[in-house]
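Quick one: structure below, then a few questions.
Every chain is named by a letter (A, B, C and D) in the order it is written, and numbering of its residues begins at 1.
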Amino acid sequence: MTTLIKNGTIVTATDMYNADILIRGGMIAEIGKDIAKITEEMIDATDRYVFPGAIDAHTHLGLADQTIPTADDFESGTIAAALGGTTTVIDYAHQAADVSLQDTLAAWMRKAEGKAVIDYALHLSMYDWTDAALDEIGSLINAGVTSFKCSLVNARDANDGMLYRTMRRINEQGGLMCVHAENGQVIGALTRYLLNNRRGEPRFYPLSRPPEIEGEATGRVITFAEMLKAPVYFVCLSSAHALERVKSARDRGSPVYAETCPHYLVLSQECYEDGNGQGAKYVCSPPLRPKWHQEVLWRGLTSNDLQVVASDHAPYNFKNQKDIGQEDFTKIPEGLPTIEHRLPVLYNSGVLKNRISLNRLVDLLATAPAKIFGLFPKKGTIAVGSDADLVVFDPTAEGVLSCELQSSKADYNLYEGQKIRGAVTSVFSRGVPVVKAGKLVGRTGAGEFLKRRTFVAQ
Amino acid sequence: MTTLIKNGTIVTATDMYNADILIRGGMIAEIGKDIAKITEEMIDATDRYVFPGAIDAHTHLGLADQTIPTADDFESGTIAAALGGTTTVIDYAHQAADVSLQDTLAAWMRKAEGKAVIDYALHLSMYDWTDAALDEIGSLINAGVTSFKCSLVNARDANDGMLYRTMRRINEQGGLMCVHAENGQVIGALTRYLLNNRRGEPRFYPLSRPPEIEGEATGRVITFAEMLKAPVYFVCLSSAHALERVKSARDRGSPVYAETCPHYLVLSQECYEDGNGQGAKYVCSPPLRPKWHQEVLWRGLTSNDLQVVASDHAPYNFKNQKDIGQEDFTKIPEGLPTIEHRLPVLYNSGVLKNRISLNRLVDLLATAPAKIFGLFPKKGTIAVGSDADLVVFDPTAEGVLSCELQSSKADYNLYEGQKIRGAVTSVFSRGVPVVKAGKLVGRTGAGEFLKRRTFVAQ
Amino acid sequence: MTTLIKNGTIVTATDMYNADILIRGGMIAEIGKDIAKITEEMIDATDRYVFPGAIDAHTHLGLADQTIPTADDFESGTIAAALGGTTTVIDYAHQAADVSLQDTLAAWMRKAEGKAVIDYALHLSMYDWTDAALDEIGSLINAGVTSFKCSLVNARDANDGMLYRTMRRINEQGGLMCVHAENGQVIGALTRYLLNNRRGEPRFYPLSRPPEIEGEATGRVITFAEMLKAPVYFVCLSSAHALERVKSARDRGSPVYAETCPHYLVLSQECYEDGNGQGAKYVCSPPLRPKWHQEVLWRGLTSNDLQVVASDHAPYNFKNQKDIGQEDFTKIPEGLPTIEHRLPVLYNSGVLKNRISLNRLVDLLATAPAKIFGLFPKKGTIAVGSDADLVVFDPTAEGVLSCELQSSKADYNLYEGQKIRGAVTSVFSRGVPVVKAGKLVGRTGAGEFLKRRTFVAQ
Amino acid sequence: MTTLIKNGTIVTATDMYNADILIRGGMIAEIGKDIAKITEEMIDATDRYVFPGAIDAHTHLGLADQTIPTADDFESGTIAAALGGTTTVIDYAHQAADVSLQDTLAAWMRKAEGKAVIDYALHLSMYDWTDAALDEIGSLINAGVTSFKCSLVNARDANDGMLYRTMRRINEQGGLMCVHAENGQVIGALTRYLLNNRRGEPRFYPLSRPPEIEGEATGRVITFAEMLKAPVYFVCLSSAHALERVKSARDRGSPVYAETCPHYLVLSQECYEDGNGQGAKYVCSPPLRPKWHQEVLWRGLTSNDLQVVASDHAPYNFKNQKDIGQEDFTKIPEGLPTIEHRLPVLYNSGVLKNRISLNRLVDLLATAPAKIFGLFPKKGTIAVGSDADLVVFDPTAEGVLSCELQSSKADYNLYEGQKIRGAVTSVFSRGVPVVKAGKLVGRTGAGEFLKRRTFVAQ
């Protein structure tokens, strides 16, 4: 099948120019002025941007079958992603207690198979840091799962000695360690203290995990990484405190990377104060921070101390899930529906407010995650030979974010009623249309599993 | 005329991929797999890199008619540049005492006209900071000369009040201020002190302008720029001391930019100690620094605190020019022949030693200077619609740097006898071959003057 | 003559304890419990603090005979000082154009002789940085004048080369360089710009000399001092910007010292905004700063990045002196009446607000200036063998600061109407009462000239 | 009893002056010139320094009855201390498993009673961080034990949540938390790794606890302390990495304090390399560091980022104790005999090498620990009313450090054969001679238990 995207403004992490794109065999075959070829499909992209398909490096689409189920599975989740301009997700396969990494991977492959409308890859989220688990890392890497998350909040029996050893083993085998850096033990102490003092309402939630301990844990992990000369990638970095540590390490030349999420860039701790009991909607981990952190994070995005914006999509419903914790925030499942709004939020709050350029938008959403997670140049750019994962974006469109209009099955929208400019009009996955005129046309199950290469420092 | 570059490994600041490039009308018309068109010219670039033509943002080709003449004029200088993979130079038009900026520009246009084998643009190097001169800035910008250098070493009657006012006026009119930041008054005091103490030999030259005062002047200029919210670009930054100030300012989000030169990256202060009287060959301004500065500068190139590598080509002969200062370094004309070796040095000492990636090489030599100095995307990248300024580079070639083999008319080579890998085999300027099989085929006078746009922060 | 101070709470930079002090021959002869000796004079200091007499390291008492005369001369100025708990002033002898340093010193000795009620020493404030002036430094040091101020605001023909050379010469001869660090040239440029834009009212005065340029000049001087390994002392440091540079240098171990003044600690830039035309009263150099600088300066006092609090007393009247600049701040003589209020302000805003301890109060006002300026241990502490320069302070007294109650002849008080706690009840100078029950009893001319030793790093 | 110390050079943290000291009733009754009183005892201190008796804030004299006994108990240990110029020790009462704090205190009181030749106070070293233990803190404080050590190396079941909670409870009750900051869990991981790789010899010992993890733990504790606004005191700080964190916190104005020990200032990691099997002698916790750390620590002593030098005296014999770990460093009891050499080492390597002044020596050894640990002004200074704990020091004496000459019962000396200048000639404890002419004259059991006040920030 051949497709021609005519006359769009092509945007990469470096370039912006007007040209036609010829797609053949699922790949970008040719980029040129006035390509005259006759193709099976033709799209007029005049006055529109053509972006590389965005990569969402942090999703949780496989949790829909848990005791506390998320609203989206690989089907509804990837549909929502695609409608938001995302053409690849890297989902976290969550190891459960006493399950091997291989079995975890196998389970996740089954969850995704036949469901995803776009391509997907997997990280492995480790619950056990035992020898048995660590011995499996090599085989996971061979299977194309090359990054391994350690949460300092809820790993089993985690302590710093095990963390250090785990980092060493992952690094020795060529894996990239991803870390959720907060101090789970102090969170526990603070939480008990708050509950003992009858402070269980959602507005007290951020006090149970202040930015200081995210900073502390981030700095601690960096110390170990520098001792081991191992690269490390921080997921869902939310605070100035953590960013300061990442920046210092990068200034020393250490291979330290970090992602933040859209909600940390535009929402703040005040959301928890909501008088109408809506505060629980915003409970995520780490929590939303005081407003001044936002500018520090935006600065990090321009200075390249933050390289990636991912969604951390973990959509729990408000009704019967989040709202049961109105008196005790520990009962609220932590996670937000965000997969669909990454590009719109970043375009509106970033590009249109002159905080980041269009080139930088593409870098944060597509190029950098592709390079860091071993998918480049197959994914993450617009270049001859790359997969034709493309997004046509109309910058003049006007719209509104709302639960009613979203595709995620979550029962609320974090940005309800917010007006936005710009809209994803078409999306291609390996040359095949997934979205046309803003509507889903993709096929469930069309998405393929992507084996990723191991990390190489840029 | 049409040309096809077959099967090269195309490298941009972001991408690296295999494809053909079709050139038509001096521009890149098409990039694709196996372009089948029949063209007037065809080059096989299999196993070769195709880079965007390098931009040399700091040359002095118009000084060949001065009292102390440089060895190269616009003809020999641009030939040397082209053979080294450079397709655009931005030369400094030097205002002399009591000459207007417009007359300075006119004089420089005459020097270049009919001489250059590649395209060229101009900066204006201001000697007077008078109202009359400052009032001319707008007209220069209209003429496409949008950057203005102030040297803190040898401007006439320079003082900080005038510097501040000059910066304000340049910024108000949309110009970009370029600064050579050393403290000329302290240099004067130190020089007199050294000469009074019979320390006039070249080996004492670096003591007359230590890195501390480059740092001081850089910090001072940044203070003024931040007060005025004006962008500033530092030329020929040579020391860790200066880079530290640039880094701090960039950390604060200020639009501060800086270039370094190849010699500061690979040569050190020890060159002045040469026992055979060769020390004078290395006299440049600022001087070469102690060796440890090199790693700090390389770090700056990777962290993007330094954005550009330019040559500061100002070639004086050793015989009868540099060697007359063997007892009194103040008699040595300051400047080095460097225009030809920027790409080889950066490729060998940077890419092959794993200090920078090929993408970063392209950024430093082409993309960043094009963006900063208002030439992008006409110059500085490989994208459809851009000028077909292209360099085909054979990474497997082996060679040696020597005076005998160079095209600059300078009578010595800074890197005499040094073995290198990689060679520029073909160069195109707007689609027209300038170099073929490593030999000049370009036509004197084929280069065109480039009007530049004004600075826009990225 | 012998005197016994009974039962006071003796405070030094380290200690606080209850004891009697026996004075004999102008010196502290004995400190003990229940000294039973019979003395000519006896003071009961029960429930009172006994401090070492304060040293004011920055006064301008010799300017009463200038074209624009200050309100106080050595007589009224030292009377005001004594009533405020100061027993030593170090006045600046101001070199005028074409006057030698020796003649300057001689003139200042004549001004002070027979006038001062307390002891005094002199700094030399250099107007010329010529060889002739620099050659005189050694003889001044021999005469006990061991510190030399260079103002970067109003020295004649100052440039950085001369500054560097001056610093070298002062250091070589054992002198301590004191610097008023602002950038006079930029102040000139900013002032002209403001006046050209009809912004001459006092409320625009701070815009003519923003904290950024104090920071810049401070950093520049430190660069030169570190190149020369010379100590340097900054007078009247007013801003966070300057303090940041001092702190960095001290962190590197460099012998850099600084004083601030009471008004920078408690008054702010808002004073210039006064709607009733009182803004001119606060014009001093550097100007008062935005309020947030105050906490940074207090922090500097506790961290020992600032070592001294001096007055910079230069009292001009409001009527017919300061008020003539209501439309043009350049006509306002810069300087404030402050000599009398240093201890009260620091005690009330520092000690009583728990920002500094009583020990630190003593250090800042007495011990540190004595050590830095070569007067210790004759002055600056309470120890056997030291001069009996003592202040008895009643912490329970209540009072008010006002022009009516002050002894300075200035026609206004910066703190008019402000209520304070604590009062100086007795002051001794070399054992002789100067103040009793808060009233002057000292004799005009009783003060002696103090030859100071040269600087030694602590 | 009355004593007169004639004509010494009295040194305090601020002052240095010549005077006589009259002692009566165990206290300093009078300081004066030529005190003529007739006393029971008279010492001529001409040409000698008189220092306040040194305070050793970190000793382990109560471990002589443990399974692995230290060589010194309260008797031999305080004798050695006194001969080295120390007049007060603050010993750590070590809680054992399942022993209450009160019982721990009682046990330690029994060990000390009737043994100590000088005064002593106690810290409580907590092994359990349980509620039961934390509930006892108030009663300990009432008993005069106001500081509580938490070791991050060997507390039982320590984790960060417990650490945070322990810090909160100590602070709420007015106690000062002392921390041994290394990361015990990582030490465990590194140690197992080394032993698994047959690297058990003493020269590998420092690899098991690198300075990075001391820095990490120090930073972590400071994060918690700043969250809780609690003061914290770091014991035996050994590395630049840890000091950097302390310095940052102090720059932010946080009440963070730290001590280092003499061996970290003058001995380095190379000691473990000893080819004759002597490396084990130097095994202490934290280990000796690479040599460059020493200058950083000295800098910290002058900048006041380090406030105290204590001994951490824990003397194990080489024979049959330390030497049994020649193949497995984990078998070596960690601790060094150092109580006797603190003043000599600091005087020789600090004062005589111009790194610190005599005033600073007194501050580090006596004044600062007295103030921080609630003993001032009874101890820690020379002032009327203070205990007559005094040291007469002959700066002209010459000697040598050796095992043979020491009083500690340890079987080796860390500084064997090192020549020193200066000698302690007399020592008084509350006016009673303990050392005369360098020989012990004190009485076993004369030392009294000192109840300490709670911490107050200075």
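Heads up, the rule we're going with is that a contact is a pair of C-beta atoms (placed from the backbone, for glycine too) under 8 Å apart; a residue touches a chain by one contact, two chains touch by 3 or more.
Keep in mind that this is a model prediction, so the values were computed, not measured.
Shared contact partners of chain B and chain C are absent; no chain touches both. Note on chain placement: the centre of chain B and the centre of chain D lie 60 Å apart, centres being C-alpha means. Between chain C and chain D the centroid-to-centroid distance comes to 40 Å (mean Cα coordinates, whole Å).
Inter-chain spacing, taken between the CA centroids of chain A and chain D, is 52 Å.
Contact of a single residue of chain A with at least two other chains is seen at no position.
If you sketch which chains touch which, the chains form one closed loop in which each chain touches exactly two neighbours. If you check each pair of chains against the touch rule, the ones that pass are A-B, A-D, B-C, C-D.
Across the interface of their complex, chain B is touched by residues 10, 12-19, 22, 29-33, 35, 247, 250-251, 253, 299, 302-304, 357, 359, 363, 367, 377, 381, 383-386, 458 of chain A.
Chain D contributes residues 159-162, 164-165, 183, 185-190, 193, 210, 212-213, 215-216, 219-220, 223-224, 226-227 to its touches with chain A in the complex.
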